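Take this structure first; my questions come after.
Per-chain numbering from 1; labels A, B, C and D assigned in written order.
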């Protein structure tokens, strides 16, 4: 009976992962709906469409980056408890705001509001992932003896990133370029050093 | 031959679950399309966007709550028969109306129509889940000896919730705040006592 | 080597199924985007929204019905060859036109165009499913000895349905009610006699 | 420890595939949102809607063709390393631009911009797939001894296709019919000779 009750609180990891992936995939693709048909024709139309295309590309890779981080976190999780559903909804909620920020930025590219919404959404997405990592009811892959210290260390990096992101959010109201630059920096860091590579390096460091 | 015929009526549970999850994930993310770009700029724009953002957040967590309930139900189901497809379509249908309610509420926040649509959709979603639980052709996890009494008990809670929800739907036409309050209450109850925890407690009570 | 080459042409059934289900799930939920916020408030607004809601409900269950049919077909298929991808794209293509028909019907409910598009899309969807069943490179579940005669018989039913649907499509330009009635009839037949039940009865008949 | 570290960099292939499929499925279905309700009624309305329907059908099968190619590539891949996530995002990014091109083409069918965007997106999608095939960190199905020479050969076909596509993109600004013709040619080639059949033939030739 007790084994049964314990099992009650466990969630099918695959379903959890696919649901999250579904939300990321949809958000990525909804971005295209905000691309407006240019009023001018031919090559002139392409020039008119360029700012929107750049914002589209930026938002696409920012959401992709959030997906890769989420993906990496779940690769190391084995058993998922019932409170993870709530935390995960919170993680996904912030991501759904990125297309709203992108649309605002595409319409008023020189105003800071769109950039601020995008930066704040990503920051709160990471913060919620951190909350999930700290308070979520899950078990890491059991044969990873140094997961615990890593979790604490990664936490510190995340907190630093979060603090910087909130400062950048405010700076956006001065100039949107703080926000655009920050998002481009984030995406390129992820390209050069994806979470799995960072993780492997941290594992090596911990082992001395 | 008879074993074969019996198998004909059985549906692949995984496909059933993924299809439902897909619908929930898409509905959750379509909400963002209703966020309008504010006309004012900077922080003033943020203030203009706030009511829409609150409705977005509310609808997001209400749909998330319906997903968690649906998820929990299916965790305890093992074999799925062919009439479940129809009942499940009914369950999903009501959920697709939530974004319509949210859009209406975001445009006329002080009118009751949007709130009424949201409350009624959730209530009818739960009612359809109840119909599926009562008349659906499925088998619960076999090694759960007290599933039957639980199913009856949970049914009573659902019926009570449904009656309350329909009353609240009507009250919305008096003031939308009945609806907003009800949805917030529902989401917070779910946060404090997710279905899996309630289930575990009911199992314990049944065992005396 | 030959075994390898044969395997080249085989497709992962699960991926094939999930992709199709994804398209159905998205089409089902995109319908909600066509529900317009009513201009009047309160209960009057509900009355304004009713025709749109009815069309939404109709299209939802028509697409659901097409999904159940597609689902049933694939339940009996085991190995999928490479030309199935092309046929399946054709099957899915017609389904993507249903929301267009629904939108047209919701805007001009007393004109036949919307109903005609919906009826023709469903008919061509079934016709493509039939083409896939006839010319597709797949293998049915091997331990079903009477699959072959069944396939032929079901084909005849489909052809009859297709002929009726094309006649109904033309009648829609006389009066949309031919189309609306036909779609309601189709959905209720499916509710009373889902494909898996029909299949079981046919199996019993073949066995005498 | 080293085995563990190596595993860190490996990604669950199923999750990778489902995420990509999700993006393709959504993009395919978002196309329907661009079909405008015709202003005229009855059969006249159908005539008004025809150009939009043709562009819709074209874009649908072009994206389907990109999906089949992506699908085929992944059928032959077994282990997926961490840098594949980044390359795959790039592959998917270009696909998200196709509905934008389709919308532009549907509004200005006699201007080359929409056709140019569609052709360029498909070309850059294939180019990114090629980059992924060259620099991605994956392992092909191990029991396919001639995968290596094939990969090189297929690469050459892809490069030729890419060069042609970029030339066609430029020609679109002369006349959109270069683009429309090219896309129709591409879709029909794929119908006659799907990647899995081409692959099987190449395997036979190599063994020649």
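Methods note: a residue touches a chain if its C-beta (ideal position, glycine included) is under 8 Å from a C-beta of that chain, and two chains touch if they have at least 3 such contacts.
Predicted model only: the values in this text are computed from it and were never measured.
Colleague: Given that chain C and chain D are copies of one sequence and touch, is their interface built from the same residue numbers on both sides (over half shared) or different ones?
Modeller: Different residues, largely: of all residue numbers at this interface, under half are found in both copies.
Colleague: Just grab the chain with the largest centre-to-centre distance to chain B, centres being mean Cα coordinates.
Modeller: Between chain B and every other chain, the largest centroid distance is to D.
Colleague: Using just the Cα atoms, superpose chain B onto chain C and tell me the rotation angle to the nearest 5°.
Modeller: In degrees, rounded to 5: 90.
Colleague: Could you state the distance in Å from the CA-based centre of chain A to that of chain B?
Modeller: 26
Colleague: Using mean CA coordinates as chain centres, what's the chain A-chain C distance in Å?
Modeller: That gives a centre separation of 37 Å.
Colleague: Quick check: what residues of chain C touch more than one other chain, meaning two or more?
Modeller: 18, 22, 26, 30, 33 - these are the residues of chain C that touch more than one other chain.
Colleague: Which chain pairs here would you call touching?
Modeller: Contacting pairs: A-B, A-D, B-C, C-D.
Colleague: Using the touch rule from the top, collect the residues of chain A that touch chain D in their complex.
Modeller: Within the complex, chain A contacts chain D at residues 17-18, 21-22, 24-26, 28-33, 35, 37-38, 41-43, 45-46, 53, 56-57, 60-61, 64, 67-68, 71, 75, 143-144, 190-191, 194, 196-197, 199-200, 203-204, 207.
Colleague: Contact residues on chain D for chain A in the complex?
Modeller: 1, 4-5, 8-9, 11-12, 15, 18-19, 22-23, 26-27, 30, 33, 82-83, 85-86, 89, 92-93, 96-97, 99-100, 103-104, 107-108, 111-113, 116, 173
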